[in-house]
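Below are two complexes that have chain A in common, paired first with chain B and then with chain C.
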Partner chain A sequence: MTTFSMTDTPRAGRAIAALGALSAVLLAVATFGVFLVAPEDAASGVIQRIFYFHVSVALVSMLAFMVACIAGIVHLRRGGDGSDDVSLASIAIGLMLAVLTVITGSIWAKAAWGFWWRWDDLRLVSFLLIILLYAAYFVLRGSADESRQARFGAVYAIFAFAAVPLSFYAVRTARSFIHPVVVTSKGADMPGTMLVWFLISVVAFTALFVTLLLVEVQQRRAARALEDVKRRLEARSATPTGGH
Partner chain B sequence: MEYVVAAYAVLWVLLVLYVVSLGMRTSRLARQAELLSRLAAPDDASPAGD
Partner chain C sequence: MSRVRQLRALVRKDVLLEAHTKETIVAMALFALVSMVIFQFAVGQRAGDSSLIAGGIIWATVSLAAVLGVGRTWVPEREQRVLDGLLTAPVARLTMFMARAIVLTLFLLAVEVVIVPLGIVFFTRQIAPSDLALMAGVCVLANLCIAVAGTLLASMSVFSRARELVIPVLLLPALVPVVIAASGATQAVLGPGTQLAEYLGYCRFLAVYAAVFSLVAYATYDHVLDD
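Up next is the complex of A and B:
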């Protein structure tokens, strides 16, 4: 009897489950530490606690876009579905995290400075442009011919990533905005205990990203394998049996 | 404090929704795999020539 699995091997499935459990534990530890252990910021008070997850999610979204770019380069050099799966899944997860960055940042801005959004803040606007840029990726993929989707997607992922460091450095070149700069070339501008919980948050969200990426990639492989089996079954049922 | 709770609530709700959508997709694929296994089973089990 033919059997199918959602993962390549049971070992891969167990590895993803273990990584998922580790991510959940790390996120729980980070939440506990951020709310109950990390010291309150003297200047901005309790509102500053948004910083831990807001910046972690922003950094991991940029990491996701970088992974998509690297996977795009690998796809153009070697071809194959694997790197395209990684690129597509990375952009989907990165986009979700980027949207979360803007929402949590907007709530923070309202609490700290009294407004939801400022169009003259270069970093806010450049991050919004990144979201629009990567949302357009799915439009491009959807509109391209199926045989060219992976190639177009790879090229787009590489060029779109150029906007990510531009956004990152925009805050350092412009001066007329409200967004604070915490991580500078001289290191993190925060006390040691805050830095520890911030780093734990970054590690937790990175683990979550890797888990989601592996699940998405395995799902796409499984879906492709099922489509292949469907086609073979259809071809088999369409073939005349040749009875006498 | 309300703003902090709101930010965390939005973050977790969106993340949970994303994970739930992944779970739903996985169960849909599992159902398809189960169905295809059943469809393929009689052909695989039957002798090659009668």
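Up next is the complex of A and C:
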């Protein structure tokens, strides 16, 4: 069982505040750069600027699912609440980012092709599948007994992460590939300034992910510590205090 | 008792149980047939050439029937407390996993023996006998994929409160790649002129899928039934 030390709280709080401030600054710099500095794409116009956020969010959601998978492996090997907290929080944030990927992708599709949704858009369809895959994680946890939630959550985090590349590949084989290929296996295919702002966006969203992860993990720790205190108080009040 | 004998005994138990009641396979086959009819009226009638959607309809129905079967095969384990006995017996968890996956593969094959020929008759005009062998290959590979993923996920949902709801929600998203690849392979066989290269590509994908999830199951299954 993870013990909760009250002395940890101010230090953790300070770390979260510092990271939060860093994320805010990075996001502000990225937004400024993307809209005011980065060159406009000659073919697509202003809507291409959503690419910086769309792809960054997609990449960071994959990072979140990878962190959840690694935390799941650690949980199965060593046990403990800490790795389960990280796994659960990572999947929650990753899922939120995946939904954001689909929303930004849909806006891009509407501007580029005139439709909110295209089944032959590889990234949109893959992310829809990934959302369904990871949404099931919460259904599994929600319906499992408390004693099994962490263990099953860890197994499913590993299972789902193994399914991610297979889903991507399967969708690619099923649909014609019309999505603009910007990042290929040969590397990024974009001018230098665009690449700089893209990388800043990725770093900004990664910092945001780490901040949210820390907040969520800290919140779960605090909730567990509160439960512990409540239980102890109840036990103390139930114990007969002896004669008056 | 060697592991192979344990495996054989566990598979025999489930097959005998099913041979006596015939509940699961009959229900799965009927369910698949009804789904096929529903798909035909929902989408097939509007498709100009129904042979173009034959593979998709066959594998959509098989995957739905698989969800039914995956949940159903765990019922005696829970209701008649077979699982409690098995968990206290000196049987490796992985042997239990393999037995369940083999049984599910066999059940699915039994359903496909009925459903796939019917699908071919319903949605395509003709098929060469040699193409049936290719179809059998797709069925075996797709069944392995469904059985491995299905057994792992069902083993977790069997302990959950609303397992009838949990199994489809867990299993169907994981089966989408299998449906895509199996439909593609089937279409490569049933479509105009057998396209062998395409067929082999999809089969390779199914083999990789089964291998990946077998590895995941190998690494995690001890923790699933860690009670």
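For the reader, a short list of remarks on this structure follows.
Keep this in mind: the second predicted complex is superposed on the first by the 221 of 244 C-alpha atoms of A that agree within 3 Å, B and C clash if a C-alpha of one lies under 4 Å from a C-alpha of the other, contacts with A are read in each partner's own complex, and residues count from 1 in each chain.
Methods note: contacts are C-beta pairs under 8 Å (C-beta built on N, C-alpha and C of every residue); 3 or more make two chains touch, one makes a residue touch a chain.
Please read all numbers here as calculations on a predicted model, not as lab measurements.
When both complexes are overlaid on chain A, the residue A:166 reaches chain C alone and has no touch with chain B.
Of the two partner chains placed around the shared chain by superposition, chain B is the only one that A:53 touches, whereas chain C remains out of contact.
Residue contacts after overlaying the shared chain place A:239 against neither chain B nor chain C.
Once the two complexes are laid over each other on the shared chain, residue contacts for A:99 go to chain B alone; chain C is not touched. Legend: residue contacts after superposition of the two complexes on their common chain; A:212 is shown touching chain B, with no touch to chain C. The touching residues of chain B, counted against chain A in their complex, run 1, 3-4, 6-8, 10-11, 14-15, 18-19, 22, 25-26, 29-30, 32-33, 36-37, 39-41, 43-45. Across the complex, chain A is touched by residues 149, 152-153, 156-157, 159-163, 165-166, 169-170, 172-174, 176-177, 180-181, 184, 201-202, 205, 208-209, 212-213, 215-216, 219-220, 223-224, 226 of chain C. The touching residues of chain A, when paired with chain C in their complex, are 76, 129, 132-133, 135-136, 139-140, 143-145, 148, 151-152, 154-156, 158-160, 162-163, 166-167, 169-171, 173-174. Put simply, chain A touches chain B in their complex at residues 1-6, 31, 46-47, 49-50, 53-54, 57, 96, 99-100, 103-104, 107-108, 110-111, 208, 212, 215-216, 219, 222-223, 226, 229-230, 233, 236.
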